[in-house]
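For reference, the structure discussed in these notes is given below.
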């Protein structure tokens, strides 16, 4: 039943896409498309949510006579799918709501409107697919639709390049997933997931499948070193699409990985956990370091997606490690942490991208070095963005902290793992996790400070206007979610129970019954957290302090120029920019991670030229992985291309050679 | 009713021949385009009816499950191409690239080509098929050279030399097959008839068969355009009129491949003979990888898509070489989709080259802005040809790669790598062609978009839903191919 | 009954830390002054400063936003709550289940976040200097802190401070290398977090060297008072953290009667005095290091913490 | 009688191989033409002989065509063209004559090698003739790739065709031989002389393949 509703939602979305092609040029189409998308995703969200809470019936599956002829297209709604459908459709809902306002400023609606619903439909279908072919088809369809959205503003050369790299990487990922499914399905071509679950692959095969799944899903999720396309493509799209790509589509990639490794592949080996943990840790730290070096607001957010994907994969790796040693409840804890972070990240990343979109429409600027002081012009946006920044920096009482806290709890359970490698690896990963969390806080102090605080650095920042009501509504809905998930995590953790039950056969103890809604993952004596209590206490304490002081001491206040140690500067240019804010951290980490070199040029004495300061940074991942491939391909292309300009005689020689070779082969073979 | 079958078969051959003669004599240079289309349409009708009526094989002509697929595809694409050709040639006439005399010649040759290809597909006699393929080659040579520019003549000359050598090799192979059959079947026509050959191949002398297959693979493989025998193909596509490029890529390559397949069936029917699979797989893989890299350095849009044809012919040969019901099915599917898609691409490319007045990709930019319909048509076509879903080629490539990966992982990885490299090249070019700031003239194209979008819609629909009878049919044929 | 008692203890503790924090600051100043052969300000000077400050009017920079005005109270409240959750003289606080050690560290992180934003709000260069350096230091201090937590939870099997300190009171702990290491690491972190020498100098206003002071440069009046109070609370918090984890002797547990509580209080004061004295001595004998040496300093702390955890593995799994 | 007939047939076939070698050896245009005429003559003789011993009168047609078209018309036409276009009288070879001859001998060996395992009932007549015609074909290919100008490439191609006709006629009782050979020779001859050389002369005054290479598209 629920499945039918969801599939019809998809059908409606696709219909809308087709209709949008027809009326792409008209203004009314914007309203039409986004409101349809809004309604449909609201419906889908309701259905998926109820399926998740009430427990989806495993029998809820259909087989449509499309796709591979003798196979058909299998669709199924299970707990895992339901969870991700909630994430997807929550994102779609808010994005559509946002789009109602944001879409009005779209210069080329004809290149956005048809693909937006198609993109939503693609993501929903991936979470529903129940056979390899349908999965890959919808997966690549999703990539294709999002590619079209990335190319919406194709006149900028680097957007076109971003789209190209994106599509290339996406196809690469799909190809490796295709190979993975080829291994899973076997020569008989049993592509249905049930058939795949039926066969138990040999260790080598499952190792290969894990690797391919890591490459395939990782390239879409943005695991280092497969992340290069992400910071190019996500910002290139219109902001609500960036939000969807960063907040939701990467989660679909996570879904793919979870589906393959936890559901289809059978019992894991312990080293899988080690591999995934290592990748996750590196991704988390590198991602946030990249973000710190960035001064383009949207690209910074995209790099933070890389970081959070790393955190999620740390949780998944822990779950794999525990599961391999048949420690079910720790595995459930780790997986819960990962999945909860999936939800949380989708919420606050969408929120942040919406905020950046609002800034973009208000100022036409993505470069933080040219913004500043927006908190005075757009206070509401600033507030929402601040909530998002606090949440993504994993600070209590918001939701980002809860999922990272759960991950830490899982890490603290690692000593009971028998394998020495894991024993030594996990603490280091924990340190990396803490490092990335702290750096993220620094990065968002930088982002929020440079964009919204201080004094406006340019005229556009001075003349900015608060954004429209639709955008604000969707931002505040998400901000409220950040707080609610932070202070009432118990309900969300309980909602994840069925999923871990389905994948691991275990789940965390019931949380919501506990005293004052405290969450206790393992045992009261071990660790517990109560966001609600902390929130109430802090607010109360702050309010009391303020009240007492103003009541009995003084409430007097006078405005005056800034003190600034006695020499206030007229020009806002002397403020700390984002680059200068990141400088200490660059001094500490950058020289290793980016070979960062600082280059100062001082004018000769007596001259009035300005001094110049340059920072040279290199993307080592690109240099190490992609540049060689690039040059190898072009080398081969150059060599082979000589053939194009041979003489006819030379071509005849080729034919002659072929004949002689084959004849010789034949003579030898006989 | 009994007489209807042979009648249809004759119609498939006579209509093109007759209209060729007619068009050669027809004075009016405007109506000829339409007349051409009508002729091909009638042929298509006759061919389509073969699904329902099945005449008994004669000594010279045969209609069996295998070639019906090819014939219907052939006549259909021939028809749509003639529709496209009507508007294309009209424009060529306006700008004076073609004189009325050459126009007549062109249409006559077009029909002759259709006649030759149908004959090759229908032939029940290896010798007759050889003659038909030879005829098809010669007509295309003439049409490639029709613009008489140095480049065109050079392309035609190259095509002529390489093609004739290929055809000579094929003839030698044919003779060897006859010799192999003669000692079993006895002298006379039977020793060259398909149905007889396949039935009795088990008793043939394997040595002769092997030798024959080597020559036939190389001979007809030259016409399929497999590397390293491909050299004629890119220039022939680039220099001839675009409808001819479409027919070459969409049909003639298939006809040659069909010949190879027929002989593969004969060979695999003989237990002692060498397995034809490995040879085809090797040639196919070489073609895929080679073409994939060649795509990066192309500057001429038609030449680029010609190389992509080489790549896809490689894929198809690879699939048939792998054999087995799944791979053969995928190969047939891929062949069909490739014919439709590639001809569609050439339709759009032809109009693009006409409006922009050039084939150099450096001079073509931002088509989706300047000519939305053409531009998005091209985008859709390229997306299809590189195998992105939901279009049909994704399905066939999915089947080929997965089924191969389970049996020969190394080959599958190599194939996948080739596909990826080719995808990278084509998308790179597409970025420049379709997106970015528009460049060059943006005069509206007076073009018939119907054929292009008809093909693309077919491929798209097939990618999502394949009708069951068609599937059963293809599976049956795949079974026959062994 | 027990709940009420716990609540009372909790309240008492809240008030206690609130009352003690300025005193501790003044005490440290006093000791330092004595070591430098000065008389130094009276012990109660910090209280006087605070009272004076909250009575003064606030001079607010023109483009200060609401962030700038709310931040002080948030910082104060967060630090206060965090400090109230660290067992000082008695465990078994009624709210102790609300936050374990990790959460307490994170609470301090929130306070720092707010402070750093406030530093950027006015748009002066000094605020920027302070914020950026503060975040750099924090980015290294937090992992180190977490490694310490890791070690302790490995031993005590818990991140709940009450459980940890109860466990440390027990006999089976013994003397451990890793404990010593993590203690050193914790001290280093505490120095960094509280902007003490050698990382930062609470007494300086030399522009280019200051970190904490740079961020609060624009504050005045009650805002400044609240922030100063928060700073001293933070110092107290870290000292009592060290006290309750590494020298937990005498800390009373639930329902032991008032005698135990009195003993606990007494021992707590003694511990504070000792710790404060040592801090003062340390600050007097060491010099402040360059900002970019701080990373090495905290990197060492991180390494110590990691080493402690790993050593513990060896000793446990053997 | 049979024995003798076979020997004569082999004589002709072997002679054809010999003449192919002479073609390879030849480095002057007119000489090449004359020897090609000889080549065609031998073919027609051999075909005629086959017609005689197979008692297959239709083969006489093939023989006749071979004689008239390739031994007389084409050489004369080419001779005219050479004179009219003033083509160099000497042929530039890619590799030295000596190596070419060696390669040719290797090819003959190869073709005999691949033909040996053919079972006897394919007919002794067929086997040797096949070996010879295969070597003629390969030698023709070798000639095409070891000569630089278009004319000798055409001649090489036509010698290949002679080899084919030899094989076709040797295949006893093969249907459509006449049709095939007619199609082949007439079309080839027609295309070669009729269309291409004239077109090419319209454009540029040489038949040297290099002249064509300049016109490969793809200027970047």
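To keep things simple, chains are lettered A, B, C and D as they appear, and every chain counts its residues starting from 1.
By our rule, contacts are C-beta pairs under 8 Å (C-beta built on N, C-alpha and C of every residue); 3 or more make two chains touch, one makes a residue touch a chain.
Keep in mind the model is a prediction, meaning the values are calculated, not measured.
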Highest contact count belongs to chain pair A-C
Chain centre (avg CA) closest to assembly CA average -> A
Dist(centroid_CA(chain B), centroid_CA(chain D)) in Å evaluates to 31
Distance between the CA centroids of chain A and chain D (whole Å) is 69
Rounded to the nearest Å, the gap separating the Cα centres of chain B and chain C is 79
Rounded to the nearest Å, the gap separating the Cα centres of chain A and chain C is 35
Touching at least 2 other chains, the residues of chain D are 114, 117, 141, 144, 153, 212-213, 216, 218
In chain B, the residues touching two or more other chains are 157-158, 161, 165, 169, 207, 211
Touching two or more other chains in chain A are residues 644, 648, 652, 655, 659, 663, 666, 670
Contact graph of the chains (line, ring, star, complete, other): other
Inter-chain touches occur between A-B, A-C, A-D, B-D
Within the complex, chain A is touched by chain D residues 94, 107, 110-111, 113-114, 117, 138, 141-142, 144-145, 147-148, 153, 209-210, 212-213, 216, 218
As the complex stands, chain B meets chain A at residues 157-158, 161-162, 165-166, 169, 207, 210-211, 214-215, 217-218, 222, 228-229, 231-232, 234, 274, 279, 290, 293-294, 296-297, 326, 366, 368, 383, 386, 388-390, 394-395, 398-399, 401-407, 412-413, 416, 419-421, 423-424, 427-428, 431, 435-437, 464-466, 468, 471
So, in the complex, the side of chain A touching chain B is made of residues 65-70, 132-133, 136-138, 140-141, 144, 151, 154-155, 157, 160-161, 163-164, 167-168, 171-172, 175, 178-179, 181-183, 185-187, 189, 191, 633-634, 636-638, 640-641, 643-644, 646, 648, 651-652, 654-655, 657-659, 662-663, 666, 669-670
In their shared complex, chain D is touched by residues of chain A numbered 644-645, 647-649, 652-653, 655-656, 659-660, 663-664, 666-667, 670
Listed in rising order, the residues of chain C that touch chain A in the complex are 54-63, 65-67, 70, 73-74, 76-78, 80-81, 95, 97-100, 102-103, 106-107, 109-110, 112-113, 116-117, 120-129, 131-133, 135-136, 138-143, 145-147, 150, 153-154, 157-160, 163, 205, 207, 217-218, 221-222, 225-226, 291-292, 295, 302, 305-306, 309-310, 313, 316-317
